[in-house]
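What follows is chain A paired twice: with chain B in the first complex and chain C in the second.
Let's turn to the complex of A and B:
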């Protein structure tokens, strides 16, 4: 198995209060970090996926320590993004089987994360939830994104 | 985010300028509810100056669509930003909303005379002999 090569950049590690006002700060921090490392192309998708993951924590997880964290680790061909909380967790099976009614007013965050990222895994238990997302870097990602778009418009 | 509202031939042209997300949805809802309260049901929702939307913003667009259509009004959307269009397609709203790539096309569809003629809009309907 070939492991991706990690770049020289240090991973971004951020812990924030579990409050709505933290979302703006999270997005600005993500944008600054990715831009500084020449990853402007990936920044808008990562910003939105991150906002959705953090918003889910604020609205549903209620962590006892009132904190939430995220990390971004750049590899040569992809970004690994992890969003964590120490809340009460939830039944991941419900999310996986959730139908996507286009007219539902809520419950679209995970659908957006999956649409923007190349891979999304959610593990949840009594001691918290980890959302792990992968985003392919550069042109390979654009090509994959385009094929997704083609599918959507067909 | 701020909203620009203009009335034209019975339609409210509502332009969203900036980000429509969990922070700004309350203002958006307040303005749209006021328009609803005034019984001015037909809306052109211009999202061409929108720079960011999240799931809360999407929920507010759906809520507006449902309110307008349930009171037998018309609503069309203008989306120029490819990123915003990508997000709306991702959640399958392109199959529900009437989305146009510019304001002129939206006006022509709803029958508002804006003084703008988009020849491309009619081009595929011209029969050449």
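Let's turn to the complex of A and C:
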């Protein structure tokens, strides 16, 4: 019998304007929440992946007069992170098929998210964008993330 | 936390030491410092990230821009870092292959 995974703590739910100035506040809020709940080990990876997800949404998907929101739901064995907006969306296929030229000045956000998280799903349409990320507690999944990048760029 | 930027010359390298967070707000000051070094004719630059708490894709883009700039003058750009959290970001993005990686400032003299 498969036991259901227990929800550890109350989820963090934050809504902010789709503006670059929101990034600092988002990061500080995430850090404070994870530290308060004893999730310091996961904090640097979650903070950075979240920052990259929000930045992508601000740059590609969401007008500045709209809102974006994110949630962190901690379970015993993992964290589920969702970032979403109600903007105009963007072509996820183009982002996924972008070559990872090491000398490019931009375009590393999704690469970093995939490298730090155990799973990243991005869906985007006319009614908004959702980035769903999963982080196994205690995992440093860099090798897995890198191999995913190799698959994407091949 | 803001970003503190300081420079000093170590042998043929100009070392740019960063302390704090390198993100979309603070990365422009790093870019300006790299540009200043190149304009002084210092084409071998090493960026010390050992006291950086946070580095995002914007910061990485500025470092790659700096590398392109020094290479136009047949220069080099190195990264000085022992911090695993920062080094992971370089490995994930494949940047360990294009930057010279150093563990300490002393290694620049080798």
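Quick notes on this structure:
Keep in mind that, in the parts below, the second predicted complex is superposed on the first by the 129 of 154 C-alpha atoms of A that agree within 3 Å, B and C clash if a C-alpha of one lies under 4 Å from a C-alpha of the other, contacts with A are read in each partner's own complex, and residues count from 1 in each chain.
Criterion: a contact is a pair of C-beta atoms (placed from the backbone, for glycine too) under 8 Å apart; a residue touches a chain by one contact, two chains touch by 3 or more.
Since we're looking at a predicted model, the values are computed, not measured.
With both structures placed on the common chain, the touch criterion links A:10 to neither chain B nor chain C. In the superposed model, A:36 lies in contact with neither chain B nor chain C.
Of the two partner chains, both chain B and chain C are touched by A:115.
Of the two partner chains, neither chain B nor chain C is touched by A:25.
Applying the stated contact rule after C-alpha superposition, one finds that A:103 touches each of chain B and chain C.
In the superposed pair of complexes, A:44 makes contact with chain B and with chain C alike. Comparing which residues of chain A touch chain B with which touch chain C, the overlap comprises 20, 23-24, 44, 48, 51-52, 55, 100, 102-106, 108-109, 111-112, 115-116, 149. If you check the complex, the residues on chain A that touch chain C are 20, 23-24, 27, 44, 47-48, 51-52, 55, 100, 102-109, 111-112, 115-116, 140, 142, 145-146, 149. Taken in their complex, chain B has these residues touching chain A: 21-23, 52, 54-56, 58-59, 62-63, 66, 83, 86-87, 89-96.
Taken in their complex, chain A has these residues touching chain B: 20, 23-24, 44, 48, 51-52, 55, 100, 102-106, 108-109, 111-112, 115-116, 149, 152-153. Against chain A, in their complex, chain C makes its touches with residues 23-25, 54, 56-58, 60-61, 64-65, 67-68, 85, 88-89, 91-95, 97-98.
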